[in-house]
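When the chains are written out, they are named A, B and C in that same order, and each has its own residue count from 1.
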Amino acid sequence: MTALDMPPQAAGPRSAPGNGLRRRALAWLAPRPQAQAWTLLAPGTVWMLGFFLVPVIVMCAYSVMPRGEYGGVDPGFTIEAYTRFLHPVYLTILERTFVLAVATTVLSALAGYPVAYTIARSGRWKSLLLFLVVLPFWTSFLVRTFAMIFLMRDTGLINSWLIAAGLRQEPIPMLYTPFSVLAGLVYGYLPFMVLPIYASLEKLDPALLEAAEVLGARPAARFRRVTLPLSAPGLIAGCLLVFIPSLGSYLTSDLLGGAKELLIGNLVQNQFSTARNWPFGSAASFILMIVVLAAVLVYLRLRPPDTVRGW
Amino acid sequence: MGASGIGKLPRWLVAFTAVCLFLMHLPVLVLIVFSFNASKFAVTWTGFTLAWYRRLLERDDILHALQASLIVGITATAIAVTLGTLIALALARHRFRGRTIYEGMMYVPIVTPEIVTGISLLVLFVFLRMPLGLATIIIAHVAFCVPFVVVVVVARLAGMDENLEEAAMTLGADEVTTFFRVTLPLLWPGILSAALLSFILSFDDFVITSLVAGSGSSTLPLVIYSMVRRNIEPSINAISALIVVATSVLLYVSDRMSRRNEPSHA
Amino acid sequence: MTSPAVEFHRVSKSFGATKAVDSISFNIERGEFFSILGPSGCGKTTTLRLLAGFETPDPDGGEVRILGEVVNDKRPYERQIAMVFQNYALFPHLSVERNIAFGLEQRRTPRSEIAGRVARALDLVRLSPQTFARRSPTQLSGGQRQRVALARALVLDPAILLLDEPLGAIDLQLRKEMQLELKALNKQLGTTFLYVTHDQEEALTMSDRIAVMSHARIAQLGTPAEIYENPRTAFVAKFIGESNFLDGRITDRADAWWEVEGRGGIRFRIPVLNGLAPGQDVHIAVRPEWLDVFRPDAVPAGENAIPGTVRDVVYLGETMHVVVSAPSTPDITVALRNEGQLINPLPWRRGDPATVAWRPEDCQILEDE
């Protein structure tokens, strides 16, 4: 006591902070952890229920109602919108979307892994290279898609240069082909592949590679038996992060694909703009959502338990 | 890492990475360069000009759209950051029934394709007979930004020592004071990066906005889209270049700020 | 009518189905240096957090009192406690000075007083205010952070100072120094200290009394000497220091001793104690330093003796351990003072026949757990 020269009242009961109302509210909340949590959760939860869950439910309801003449729906119940999907035209669209999403994922993985590997081992270049990967991630997707048009259209930069250089008489048709959509998707989603792979390679303890070396593994074996299995969680996460938006992509095929390369996303949009078949559009949209959530569930089953969450 | 450095990697690997990174940036770089090109046809270089930028200032639709985008971006971000931060605090600092499920559900809107979110909101707004316009755009943007805010802020809170808040309480601060004097100052960098992410998501969004905007109001991406569809002229390059540069600057600034405020893990 | 600083009366706390603290009772006297010692998961941290107010006892889970007042429903900021955290929990966004002033500001201490009290608190923990006041906690070494955390707590002159393994993260040399300083501060200021640790040596060095916890209960409460020299259970004997354990059954009484027969025909004597009777099983412990080794023909009369062979001689610096294996008992460790192996080496070699001996009064009779 003497050392700190305490005034005598300092040892008495502590003056309670805050005003009466605040004190009473806190005293009421203190023994009620559920109430505390839901006080914080309430506003955001109400918003998300009202403007995410409820819309999805309404959309789901619309998908089983008869089509209204000028858009919208009429009262009643029908599963016509779903049976319509069995028509070859729509099955083709489903198949095309799926194939394209798989191709995008595979190409992104083939390109993204070496890039992520190099960045993880690039020493003092690391932060710069990482910034170069992150930057497109944040750049407007619309602007980047437009940039692809600027390069690929018949009067675009690539074709003009080819012709100017005398390599071609006619422009190579690149835009509005399956190739341009695939290129656009890979270009658009490659950062989603690189970042999680990089994150898992970064965590890899270099001592493990040295241990493999001491145990007699040559570089190729070391990669195959140590690096690759340990970075598999990142690779799988990257594949999911590319596969999902590719499945639901709309803008890329809309701008780079033209009418022939219709994907589910465009089919949905058409039903609400030109075709005015809301039940069918809602059904297509609902199916798309289910497929995406199924892909996530498959991922959660595949994922080893110790994977870090998020990206 | 002792045995690291770009020099130790196989040549082909470094070359491959360089090409990939170059291709990732080539289209946008070309776009920016040609925004200064005098030729209207934009594929051959005929001289330097700022005409396309000047032209932007003359176009009322672009200026109005920019204004709309800023209003939407700032309002939606403010709401989303508030709601999302509160949810994140509950998830990271409170035990409540169904916490794990709640946290998992936060990822559902993130993985749901934009076209699905947009269509379902459109259907809801029509069902409720709500007039489409800035208000519906803001509502939609908040809905898709909140989960991202939650993820970013939860990550920041997870890296923050819970003992700090307990220490404040043993020093006589009640829950409210502790929040404002300890939690919030330490959480700022996380909230700022969440706000930045939220603003950029909102500012860049085309798919959802195009569905819930109605005919009266246009944000910048909607105007750019119609320009791309109709006739391609170099003022799109100019506006695109401005957006890319603005985004990069924002990103750089936020990166510097969050690095300076990195909490020590001591 | 001075009530104790802290009273726990049949306090319980469960998390879901697990009981973290199971109906424990103890008092801490004013000015006492009281330690709670136990392995991780024994409930010591929960006990501390119950006192701090971060956890509240179960409904009908007993009473926690501070200075005679029931505090079960009081929030941490309504209790007269201060705490030093295991990782110090210094606010990284505030300078050293502002960290220490935090509690004073919260208590509406006049601004004019704060600077002086902060400076005195820094002096108290031997940090120069001129050098350290304006630094950020991130610029301090572990030991310095430790001192700032202590100053931040002591500046409030709390009724009780809670210390949650605060010395765990600093190196051995500094830890020893801080142990003595903490003990000195406790005596100098007269503040009650509650110290939670898993390090038995730390608890023995500093404490007036120690509560040893195991499985959510207090296994034993007593002074360091009582705990070390008279452990009540095998857990306490094992957790604090080293011990040799022997089992047997009481056969009959010989003079002032019970005669015990162990496995393999070993016989030894133990002190007569209430509640023991012939035919009963007993477990005893003997500290290694209370044992000695002799040639089989040189055992002093009246001592318990177990014949065996030397299995190993271990050099430990201050002491030498002679490990003797005897039939039907676990190996017995005997600690001998190291009188210099270069000048005066121990006469024992591996394989030598040797008899372990000790005085019957040095047997610690253990209760069942």
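As a convention for this text, contacts are C-beta pairs under 8 Å (C-beta built on N, C-alpha and C of every residue); 3 or more make two chains touch, one makes a residue touch a chain.
All of these numbers come straight from a predicted model, not from anything done at the bench.
A.B. asks: Which pair, A-B or B-C, has more C-beta contacts?
C.D. replies: A-B
A.B. asks: Where the centre means the average of the CA atoms, what chain is farthest from chain A?
C.D. replies: The chain farthest from chain A, judged by C-alpha centres, is C.
A.B. asks: When the C-alpha atoms of chain A and chain C are each averaged to a single point, how far apart are the two points in Å?
C.D. replies: Using C-alpha averages as centres, the distance is 54 Å.
A.B. asks: Where the CA atoms of chain A average out and where those of chain B average out, how many Å apart are those spots?
C.D. replies: Inter-chain centre distance comes to 14 Å.
A.B. asks: Which integer distance in Å separates the CA centroid of chain B from that of chain C?
C.D. replies: Averaging C-alpha atoms per chain gives centres 54 Å apart.
A.B. asks: Multi-chain contacts only, two chains or more: what residues does chain A have there?
C.D. replies: 14, 17, 26
A.B. asks: Among the residues of chain B, which ones contact at least 2 other chains?
C.D. replies: Those would be 172-175, 177.
A.B. asks: Give the residues of chain C that touch two or more other chains, as numbers and ranges in rising order.
C.D. replies: Expected reply: 75, 77, 106-107, 156.
A.B. asks: Of all residues in chain C, which touch chain B in the complex?
C.D. replies: 52-54, 75-77, 81-83, 85-93, 102-103, 106-107, 137-138, 142, 145, 152-153, 156, 162
A.B. asks: Can you tell me which positions in chain A touch chain C when the two form their complex?
C.D. replies: Within the complex, chain A touches chain C at residues 1, 3-6, 10-11, 13-17, 26-27, 30-31.
A.B. asks: Note which residues of chain C are touching chain A in the complex, please.
C.D. replies: Answer in residue numbers: 56, 73, 75, 77-80, 106-108, 117, 120-121, 124, 154-157, 159, 188-190.
A.B. asks: Can you name the residues of chain B that touch chain C in the complex?
C.D. replies: Going through chain B, the ones touching chain C are 161, 163-164, 166-175, 177, 181-182, 185-186, 261, 263-264, 266.
A.B. asks: Give every residue of chain B touching chain A within the complex, in rising order.
C.D. replies: 1-6, 8-9, 13-14, 16-17, 20-21, 23-28, 30-31, 34, 41-44, 79, 82-84, 86-87, 89-90, 94-97, 99, 102, 107-109, 111-117, 119-124, 126-127, 139-140, 142-143, 146-147, 150-151, 155, 172-177, 200, 203-204, 206-207, 211, 221, 224-225, 228-229, 232, 236-237, 240, 243-244, 247-248, 251
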